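The two complexes that follow have chain A in common; it is paired with chain B in the first and with chain C in the second.
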Partner chain A sequence: MALAARSYPGPLANRHAELSLKLAGAGVGWLDTLRADSAARYRATGLPTPKVEAWRYTNLKDLVGIDFASAPVVGDMALDSLPRASLLAVNGHVLAFVNGRLRPDLSTLDTLPAGVTLLPLSEAIHSDEQALSAHLGRLVEAEENPFVDLNTALMEDGVVLRLADGAVLDKPLHIISVGAVADTPLAFFPRLLAVLGRDARATIFESHAGIGEGAYLSAMASEIVLGAGAHLEHYKLQNESQSAFHVANTRVTVEAGAVYDNFVLQIGSRLSRNEVHTALIGEGASCRLNGAYLGAGKQHLDSTTFIDHAVPVCASREVYKGVLDDQAHGVFQGKILVRRDAQQTDGHQLNRALLLSRQAEVNAKPELEIYADDVKCSHGATVGELADDQLFYLQARGIDRETARGLLIEAYVQEALDEIGNAEARLPFQRLVGGWLKSRKG
Partner chain B sequence: MVGTAETLEQVQAVQDQKYKYGFITDIEMERAPRGLSEDTVRFISAKKGEPEWMLEWRLKAYRHWLTMEEPDWAKLGYPAIDYQDSYYYAAPKSKDDRPLSLDEVDPELIKTYEKLGIPLQEQKWLAGVAVDAVFDSVSVATTYKKKLEEKGIIFCSISEALRDHGDMVREYIGSVVPYSDNFFATLNSAVFTDGSFVYIPKGVRCPMELSTYFRINASETGQFERTLIIADEGSYVSYLEGCTAPQRDENQLHAAVVELVTLDDAEIKYSTVQNWYPGDENGKGGIYNFVTKRGACRGRNSKIAWTQVETGSAITWKYPSCILQGDNSVGEFYSVAITNNMQQADTGTKMIHIGKNTRSTIISKGISAGRANNTYRGLVKIMPKAENARNYTQCDSLLIGSKCGAHTVPYIEQRNPTAKIEHEATTAKISEDQLFYCKQRGLSEEDAVSIIVNGFCKEVMKELPMEFAVEAQKLIGISLEGSVG
Partner chain C sequence: MSLIEIKNLHATVDGKPILKGIDLTIEPGTVHAIMGPNGSGKSTLSYVIAGREGYEVTDGDILLDGKSILEMEADERAIAGLFLAFQYPVEIPGVANTTFLKAAVNARRKAAGEPEVDAMQFLKMLREKTKLLGVTDEMLKRAVNVGFSGGEKKRNEILQMAVLEPRFAVLDETDSGLDIDALKIVADGVNALRSPERSMLVITHYQRLLDYIVPDKVHVLAMGRIVASGGKELAQELEATGYAGYGEPEAA
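Moving on, here comes the complex of A and B:
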């Protein structure tokens, strides 16, 4: 009898040698090495099966069954405008990517304030090489994550945002990634590198959406470095096509007194996994990892977070809420690690899920790993359906059952949106949540 | 053709082996040969005079075990176990091997017994001193046995049960924990040596707490125990396992299996105090305890409650579980796990809700001191047909000192929208205020810690039967000795 297999052969694993020659920056020594090392690791590890503890609730068998082509080898998509309705409606600097490649015609880069560098990755490789080589791949090298390795091996384009000490990004940066379905299932690997100096401030929005029906894989990797006292608001919408795969990995380090405020709304894709790992490495650092996922049809939406309290007196707060209809599957995995010396840690996590249908399913694994004694840590989780007494209360006031349900679900999701630190940023998310709820009623 | 030749060779080799060690092994031998093979399994089965089907079942388990991997998902670290470097069967020790009096026993052990207030005769029994079996508990046991027989209750060793109630054992053994269940349970299925069998007939309420303590022939608590308890319709039994006093055991590896079955309206309350040798303060020695405990609430309105106080063993890997099949059935899990020095515990429960209106409650208190690591790992699974199922889980961890670890890993799997699951976990430490308050009133630091920890565990301790509760409270204090100051 065969022993339990712990890995699938990874898509594109054997294509790196041929593909890498055409990638942006091919021939730049340190980048070639970084890509080749990642490719070798990816080839060796493959993609995890549910036998691997961290992937027990998300099975990639549908993903590995598809013969993806790396996007750059296919000709550019003719696409005249962005699918505005599927994106966050925010004003600011826009960098738009179609199938992982920058589209200058769809982007708007206004004059940047002093101390701010904002470049597409494909350009930064040449014009900002020194800074890039100092940071790219640094946050992810310590761990083995096949999707990050795949991204590093084949990344073609992305965003590099650097803020000098005290610099402030005047307007939000909106990163738009559109998957445009082609004849062949495409895979693309956007990359984000954000380095904020001491006391720098910025807001980043991300919108991920798709055009057309068909499979594609968007596997983004982000590295974010926050200097002491820096403040980053990072809000993301995952609204990919219904047949798409979305796997995103974000790694953040937060220095003393800095704040990382993160929110992720997942409503799109056939299968998604959004992983955010935050390391609080300076005293007084804090992070807020919040999110909501709304699933219907046969969607599988996975939110996985990891907070590493590495030093004393740091705070983390986490609220994730999910609503699942039809045969949708939701997964929440949230781990808080408090290291030996991280005394006076304050860590709180709450995850709640609402099931609207008999076939919907949710799996949750909140986790505390604590090695310091003077800490306040807690997590809470609840799963269930809408409370009958609340429905009754509204119906007793003359509201029909369907409307009452809608109101209660909306209020339930609103609680998660309220966790977004920047109140203005809640509005574009509210609009999308409202749209999702409306589509449920029809 | 090459393949055929190889096959023939292999068959021949197997045949030769059988001839060499096979069925003609000397039954009078005291020990099975070192290591694990089909012959070891046959030896054990023959020694016990088991029926043919039992041997077949053991062999099936053994063959399956060979295909399995030792699990590595628990938060435990220990050197690799060499399963071939151990004896799987030894006849009960003769008196000559045992200490002749308490003077020959480790004085530390005696000190602990005294603190627990254990009578001298029982101290000898626990320490394995060769005594003629005439002290109090024996006569008590005889009286008990008579009472049980009157009610039609069967309470005996599993070997006796195989002899006298074979059909019943055959029907139920492996029905809750199949032979292929997990690495350690499968190993147990192949080589289990003894354990208890309990059957409570329809409508009978067992008049006393049943305890291995009173089962005379249980003095050799086995390395691979197998316990099977069946509560027939409308019956009730409370079963106590282990005892508060530290027990000596030569075997480092323990892999027990406990199976419980409740039919309609029946209830089993299973309480454990586990205090095997935890190793010294540097983590040398100590028992590895890999236990599979599972109860099936087969009948409507049935109930299984697990209560455990885990203070011993170097490694604890244990997840007493309830399969809530019958409609309206109830599962409960109350646990106190204390780890000190270098101990590691990864323990929790699984509540599998299958039937309608099934309810489960999980209360877990983990206390970690010294350089120990204590993990709660629990699964709550709601199957699609479990209408209106309810679960409430509360996991609290207490850390004493800055070198230990306390971890919580709940798994929640929800597949029915009408079910409700609530989970809460907190982590805290003994506050300076609490300590100061107690010390100011003249309590020593150690007594203060003991009182505070007992308060922390109160929700679980009150679930223990009276016989256990008092001693268990003292035990908590003793387990944490040296953890402060």
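Moving on, here comes the complex of A and C:
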């Protein structure tokens, strides 16, 4: 093998031909082509090694060492109920997937308001084909991302949400993805397509969790198109089981005056990478990419973001905070590109990490690439430990060391949670963070 | 029995000897003052009493009710009834003042085997104490000391003392940075807490505070030792002569 190999052979790369015949929608011409093209690209590129700059801090060697089977072929596990405690506690429309497959019995789709189409992907392929073929794969065709390609090649199910101009999704949509560990390590590829028309509004929650011990790979890909003046709140929990791999890619385009408001909490998995790319393509568009990651044991949690300020007068705000204990490893990569035309850009990025142990580690790579001259951009990055003077101050008031540490860690994470503007959405995250802190004690 | 007995106390900070043999006995209900030039070891003494890490006692002892506290953690000392009003109160972003106060109260209750304080009762108790000190509801909601003015921070320290009702309180330069009105509010707050069971050690650089909190005894700390002790008139003498001769040149 070459010394500076830039790629690993991709899992499942050679099985596409055989698997594709069994996927939902097999035989639908444009979809077959889309899948086959993606599969070919994936086969050619493989998965990146740390020699590839964007993957410098996240090494996939453990992932590529596993012989994954594609979940749709093996079929889903018997699962009577959802692992509620591991999910965000929110009310709304629920689409639940087990190992990538829709479970109608665990889902609840209430009557939808006018102008709203909400379907499982496996159904939309047939009943909403025109809209689907117009959008699916469009946001990702320009880039070569092997995980997106792998998803496109093998996607089996997922969610299609379309809102007509001015439509409002009455209740939040909760997408639940559960990895149920089987005898063979499974890989599954949920897909989300959300297209919001002019001035449409929606809230999406995602909960990713697992049941059982053992490896699986959850590799979701999402394409989100926000028309002028649209508003999407998108909240995600990554709480996969401890031996799982989670690699998710989200691509968003934001038209004039539209708002993409995103928060991601990562607490689960053995290795995860959550990658969000947002392109602000209409004047006055804005995005908020916020998140928190809490790692312990040997977890590896990667948050990678890219914000493309393509046109003038757009705003982006980004706050990520991490807490790492034991030998956990955190990665934050945040690139902000301000193109030549994007005058009066307002960009703010902050990422902070708190290390609770000597062996915990974080790699932070903020990257500002600015070609316009009239911009207001700031970024800050800090890595620190709990402050001795704060601990002493609390202890001097009679609060024991463990409780004092808990208070300070909670306060630290709270700063990121406060970025969730919607108080109702903040609560379920707070509960999970509290649970994480409790599990750390003793 | 004396409430506090400090005997031949030697302490180092980062291996550097700072306290070089301090003896001090404080009876219940009395207020002692410690004055001294900057760098003489006043704050070091307060940290050593409170049990701060990195402040190592190399000789001597500190007794509370006749029992050594040196093996106790800072939080255990606080539960036992010690309190330190910090010279530089620490800012704790993200922790609301009320959350902090409640955690401190509950720590005490837990140690006493009592249930956690009822939220309504706690707020009611807090309101009574805040009135005297001019601490607003808004200050209670804010994160501990974050964005507080110098005076607000010091009032917040005294509020904590009022809530926690310690048996022995060390007030480290609670007057520094206060204008005369703020000083009076703080002094009133402190005086309201004087009682036959409660003792205080008031650390100050200036005599001014002692016009408002009148001490039973005054000590002068210089270069890690108590070099003079007397009644409240000693403070006035120092006001006239300054600390010349105590290790700090007189201001030009």
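Note that in this section the second predicted complex is superposed on the first by the 438 of 442 C-alpha atoms of A that agree within 3 Å, B and C clash if a C-alpha of one lies under 4 Å from a C-alpha of the other, contacts with A are read in each partner's own complex, and residues count from 1 in each chain.
Quick note on the criterion: a contact is a pair of C-beta atoms (placed from the backbone, for glycine too) under 8 Å apart; a residue touches a chain by one contact, two chains touch by 3 or more.
Since the structure is predicted, the reported quantities are computational estimates derived from the model, not experimental observations.
Once both complexes are superposed on chain A, the partners chain B and chain C fit side by side without clashing. By the touch criterion stated above, A:117 is placed in contact with neither chain B nor chain C.
A count of residues in chain A touched by chain B and by chain C gives the higher number to B.
Contact with chain B, but none with chain C, is seen for A:357 once the two complexes are overlaid on the shared chain. When the two structures are aligned on the shared chain, A:400 is found in touch with chain C, with no touch to chain B.
In the superposition on chain A, A:184 makes contact with neither chain B nor chain C. In the superposed model, A:408 makes contact with chain C only, not with chain B. Legend: residue contacts after superposition of the two complexes on their common chain; A:392 is shown touching chain C, with no touch to chain B. Of the two partner chains placed around the shared chain by superposition, chain B is the only one that A:383 touches, whereas chain C remains out of contact. Minimum Cα-Cα distance between chain B and chain C in the superposed model: 13 Å.
Touched by chain B in one complex and by chain C in the other is not one residue of chain A. Contact residues on chain C toward chain A in their complex (touch as defined above): 50-54, 73-75, 78-79, 83-84, 86, 89-90, 92-95, 99-100, 103-104, 107-108, 111, 143-144, 160, 164. Listed in rising order, the residues of chain B touching chain A in the complex are 67, 69, 73, 75, 384, 397, 399-429.
In the complex of the two chains, the chain A residues touching chain B come out as 1, 3-4, 53, 340, 343, 353, 355-385. For chain A in complex with chain C, the touching residues are 388-390, 392-401, 403-404, 407-408, 410-412, 414-415.
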